[in-house]
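Two complexes are shown next, each including subunit A; its partner changes from subunit B in the first to subunit C in the second.
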Partner chain A sequence: MARIDNPILSLRVRAFGRSVARWDTAITLSTLWLAVCVFILLFGVEFAPYRPTSIDLTHRLAPPAFAGGTWSHFLGTDDLGRDVLSRLIYATRISLLVAVIGVPLGAVIGALIGFLAAYMRGLVDETVTMLVDAQAALPYMIVALSVIAFLGNNVVLLMIIIGSYGWERYARLSRSLSMSLLERGFVVAAQTYGVSGVPLFVRHILPNALGIFFVNMTITFAEIMLLESSLSFLGLGFQPPVASLGNMIGLGREYMLSAWWVAVFPGTVICLTALSASLIGDGLRDRFDPSAREAAR
Partner chain B sequence: MSASTGICESGVKLDSTESQSSKDSPAHCAQKAVTAGSLSVRNLTVLLGKNGRSVPIVQSLSFDIKRAEMVALVGESGSGKSVTCRAIMGLLPGYMQRTGELFLGGAEIPQGRVSAQTAMVFQDPVGTLNPVRTIGFHLKEVLSLRRSIRGALAYARAVELLRQVGLREPERAMTLYPHQLSGGMNQRVGIALALAGNPSLLLADEPTSSLDTTTQAQIMDLLAKVREEAGLAILFVTHDLGLVSQRADRVIVMYGGQMVESGTPRDLFENPRHPYTAALIASLPRVGGEHGQLRSIPGKVPPPGEGPAFCRFADRCSRADETCHAIAPPWITIDPNHLARCHHAAR
Partner chain C sequence: MMRSKLFSYILRKVFRAVFTLLLLSTLVFFALRLSGNPARILLSPDAPPEMVAAYAERYGLNAPLAEQYVLYLRNLLSADFGSSYINSKPVAAIIIDRLPATLELGLSGIVLAIFIGIPLGLMAALDRSGPIDKYAMTLATLVYSVPSFFFGVLLMLLFSVALRWLPSSGSDTWRNLILPAMTLGIGNAALLARFTRSAVAEIMQQPYILAARARGTPRSRIIVHYLLPNAGIALLTVIGLMIGTTIVGAIVTETVFAWPGLGSLFVSSVSSRDIPVVQAIVILSAATMVTTNLTVDFLYRVADPRIRTAQR
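What follows is the complex of A and B.
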């Protein structure tokens, strides 16, 4: 009882409670936004008022409905009279699709490479560590740009490049986690009864490292969206008839002063989605971090 | 190696074909040791580090374990007991190498492969089970890998194994996670897992050290039971000399990576011939003994690659003289089952 009467302690408890509540609001909003994104990804096309490529030259650069425009183009139109809302829906779908496919791709590649390095040691380990260090020292954007410059642009290549983003972080994470887990009793025990190689990783190591991987994936999610947008913005990502968030901004850049809505809406979507993914990742890290969990107990 | 000719002073003949390695091999002195269906360890050496700068952690270990025999491996921390276990299991980490031969049931255990005929029970029963997997998952995994039993048959066999190791409500236990069971229960599961592969050799690395005394006795009873039922050879690593005196058929004392004495618990406790064994026994607390400080052996086990080269115990031994620092101690046969490796063992 005396401890609860302690004013400093009760203040601390209250402050902690408030911070938990604050985080929960942010995370709830983030989750809501991502839910909207997932909805757009799955069903958005049904709600798009126009086709993303249909041109309406009589209504070029029409402002959004709430800024003096008409309701027929709620978020305005771009320089060819294409409906911004419709393009936004299609662009969000493409960009999210890239992230949804790309994130697990990089995670799986990186995690397996890291595990094999930890499991086989020796030359394999040294090679992987060297490659990881080389990748970490080089901005991925430059690697992506040069690969596209050499090999030309197509959707499959783009997916591979974007998907491989962050592999070195997964590899490093997976290598260190595997190294410590390989010394743990249950992994040694599993080896005594004949589990080895990749099954050892999938059945025994991965389930115990999944939380950490998952957190890393939410962080990479935001970054992959930004990477795709940057590439498209630079004109090396998805090519114009296809609408992606990045190339919408790239297009709108020229009209920034006269028709802000062409670039601002896709920019807002990128911002909100990246922020939501990061916030959720942060929240998850707090949940999965053993020391934070200990403190909450 | 020149000193090796005079080893078996008490008259047992040396096996000439293997005389090269006889320096460290008590098994040559105890001639009729090799039996079918048992473990034979010949000149097991484990080196730490790759060629060039490697350091021996376990040196030229040779011993046999017969069917249904329980052999205890005792010694201080750092004497190489656990490494010996892992070497026999075939699970040495990449930075360790083994030399020497291991035979199980007459067949050689190949280097660097996990032996399918060997199972292991570990010190920390909870940590030995994957925290995110159910007990059933573990059992079914072993059955599938070692016996190719899957599906409903595997379930039935797993339940039967759990019943065999004395777990109540085995069907329910199948669905539980390791943290939902007590340490003793988990160790029973560990033994069930070991038995699931139908091994002929069981390595138990301090299986009872983390359990309380009552549970300890139950687990030891269980091990004794499965040894009888399955005719298992058990190598049992422990610090607990009390347990050894009650349970083991034979004891091997290790020090600094070497075997220093072997014999029945009775031999060793009543007539320890190696000063290290004597010191170990003397450091046991006694019920009804005079009050005061517990006796201990001064100093500590030398790290691998350091300390005296011939008798590893020479630095800490009260009876050591120049011979001990200059010549490798021979194996002295006190009686056919009792061997000690000390210049002074003959008294």
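What follows is the complex of A and C.
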């Protein structure tokens, strides 16, 4: 990390650009990758060279252009001669859409529930803790698989299942953070001045909990992508002919020996996206978490 | 006075755990029953009605729902999960048959995670913003971003296909355990390293650490007497979570490596709609989680005096 000795510059950096100095290559690359992802999410389909379902049996398992293949199938083809690049674009779009819709849902609901439990205590706290325990007692993957198995498999249901992921963790985190913060001097002081209820949460609890929430949302973003792709990998999520990153890997695993590209490209996209989200989350935490900023000083 | 307070606290927690399990078992029962007639799900759509009726009769699916529910709870209490729709074997026997493999894999994974993750996270936190911090955390974040099924496939490609060192599936020798245990353990180690780092980093800023440093307390003493006990309390939750999620953690890993445990059994039972087996695994995994959470709660209370006073 570069040290800035000019006092005026240093003040500016401390005022609004603390993280600029730590905005290193990894975070820049992550931001670029997520920008690419947003682009794929919005416009990617326009650039797909083929339809994701168009089968070409004369070009089965063709290698990528840079591994002895031709430019007509830049990332090669799968066992049915479908273009891997085109399928990758469609699959990435599906997986991102699921995560973008799913992450805020669980976070917002969970955070507020957790604070209310800590603030009101008593019966409210007991009820929330019980609900959280009930949800936490059943690992989400198992809930998801059971629901899919018994209610059948459709896209709307899948979105609801994945979107609800993680609410109980935010609730628990928010509850314990609020509880310990409510004991702290500055919050007690604010309460003696008459600040209470939701304003107390927004003004005094939330800013101190935000850093941890950011880290959790980035972890959740990655986990929601992984949940969706795990389900699809097991053959119990998005069904063919819909291309998702998970079912592409599931299919590609069977051709790992002869055609590594079928599984490796979608796997790489999942890893890069999850990684970028985590790195940016860490960067955001360093910037927004007052205690982390103090430690870095 | 204190003792009776603690006793009532424990009693309340245990009661809540039992209640949670009852609640979940009830949810499972109704979810599974309301989703349709299991006999019709299992048999082909063009099965003659007599066949469906005979099937329902045989598995007690015709009784009123309330009666089925009472019977279900009574059977649960005696660990009688009925018999598999597929091969008619008792579900309890099928599960007991598969359990050791999952325990073996889960335990290896947790041991691996603890021995890699905690030292790595600790070193990173003590070297905040230094090279160890940077590289260890980049590595942890990198590994954590790889989904376990893809990680498993990559390990298989490296160690089984390219190097030909280790078998890629089955469970005949201890060598079969290595790849699935690595898949499970390294992923968890990355998670544990991240949590250790943030827990330790937070503790390092506490006034009592600053005070200890100001008094000239040696660094090693600060780590052993101030840092580790406080970090341990934070890590208890994460490790408890790993133990509690042994079964669910096994689902993908066991499927990738054809490891004959509860995870692969669950996936195949979901695919074949073997309801009694699915139901039993769901309840078993809930019971594992509830028991672990309860234990962690107690340990928390025993270990951290601050929580005792805060909850008073």
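Methods note: the second predicted complex is superposed on the first by the 220 of 297 C-alpha atoms of A that agree within 3 Å, B and C clash if a C-alpha of one lies under 4 Å from a C-alpha of the other, contacts with A are read in each partner's own complex, and residues count from 1 in each chain.
One rule holds for everything that comes next: a contact is a pair of C-beta atoms (placed from the backbone, for glycine too) under 8 Å apart; a residue touches a chain by one contact, two chains touch by 3 or more.
Computed from a predicted model, the values in this text were never measured in an experiment.
Asks: Looking at the overlay, does A:Ile270 come into contact with subunit B only (first), subunit C only (second), both, or neither?
Replies: Touch status of A:Ile270: second partner only.
Asks: Of the two partner chains, subunit B (first) and subunit C (second), which one does A:Gly122 touch, if any: first, second, both, or neither?
Replies: After superposition on chain A, A:Gly122 lies in contact with subunit B alone.
Asks: Which of the two partners, first being subunit B and second being subunit C, lies in contact with A:Val195: first, second, both, or neither?
Replies: first
Asks: Which partner does A:Met159 contact after superposing on A: first (subunit B), second (subunit C), both, neither?
Replies: Touch partners of A:Met159: none, neither subunit B nor subunit C.
Asks: Please work out whether A:Ser278 is in contact with subunit B alone, subunit C alone, both, or neither, and reply first, second, both or neither.
Replies: second
Asks: Considering only touches as defined above, state whether A:Ala222 meets subunit B (first), subunit C (second), both or neither.
Replies: second
Asks: Is A:Val108 touching anything from subunit B or subunit C once the two structures are fitted on A? First, second, both or neither.
Replies: neither
Asks: With both complexes superposed on chain A, which partner does A:Arg203 reach: first (subunit B), second (subunit C), both or neither?
Replies: first
Asks: Now for A:Phe186: first (subunit B), second (subunit C), both, or neither, which partner does it touch?
Replies: A:Phe186 sits against subunit B, while subunit C stays out of touch.
Asks: Mind telling me which of the two, subunit B or subunit C, contacts the most residues of subunit A?
Replies: C
Asks: Could you pull out which residues of subunit A sit against subunit B in one structure and against subunit C in the other?
Replies: On subunit A, no residue contacts both subunit B in one structure and subunit C in the other.
Asks: Which residues, counting only subunit B, touch subunit A once they are in their complex?
Replies: It is residues 89, 91, 94-95, 114, 116, 118-120, 122, 124, 127-133, 141-142, 145-146, 190, 193, 196-197 of subunit B that touch subunit A.
Asks: Where on subunit A does subunit C make contact in their complex?
Replies: Residues 1, 26, 129-130, 133-134, 136-142, 145-151, 179-180, 183, 215, 222, 226, 229-230, 233-236, 246, 249-250, 253, 256-257, 260, 263, 267, 270-272, 274-275, 278-279, 282, 291-292, 294-296 of subunit A touch subunit C in their complex.
Asks: Residue numbers of subunit A touching subunit B in their complex, please.
Replies: Those in contact with subunit B are residues 121-122, 184-196, 203-204, 207-208.
Asks: If we count contacts the way the header does, which residues on subunit C are in touch with subunit A in the complex?
Replies: 16-17, 19-21, 23-24, 27-28, 31-32, 35-36, 128-129, 137-138, 141-142, 144-150, 153-154, 156-157, 161, 198, 201-202, 204-205, 244-245, 247-248, 251-252, 255-256, 266-267, 270-271, 273, 275, 278, 281-282, 285-286, 289-290, 293, 310
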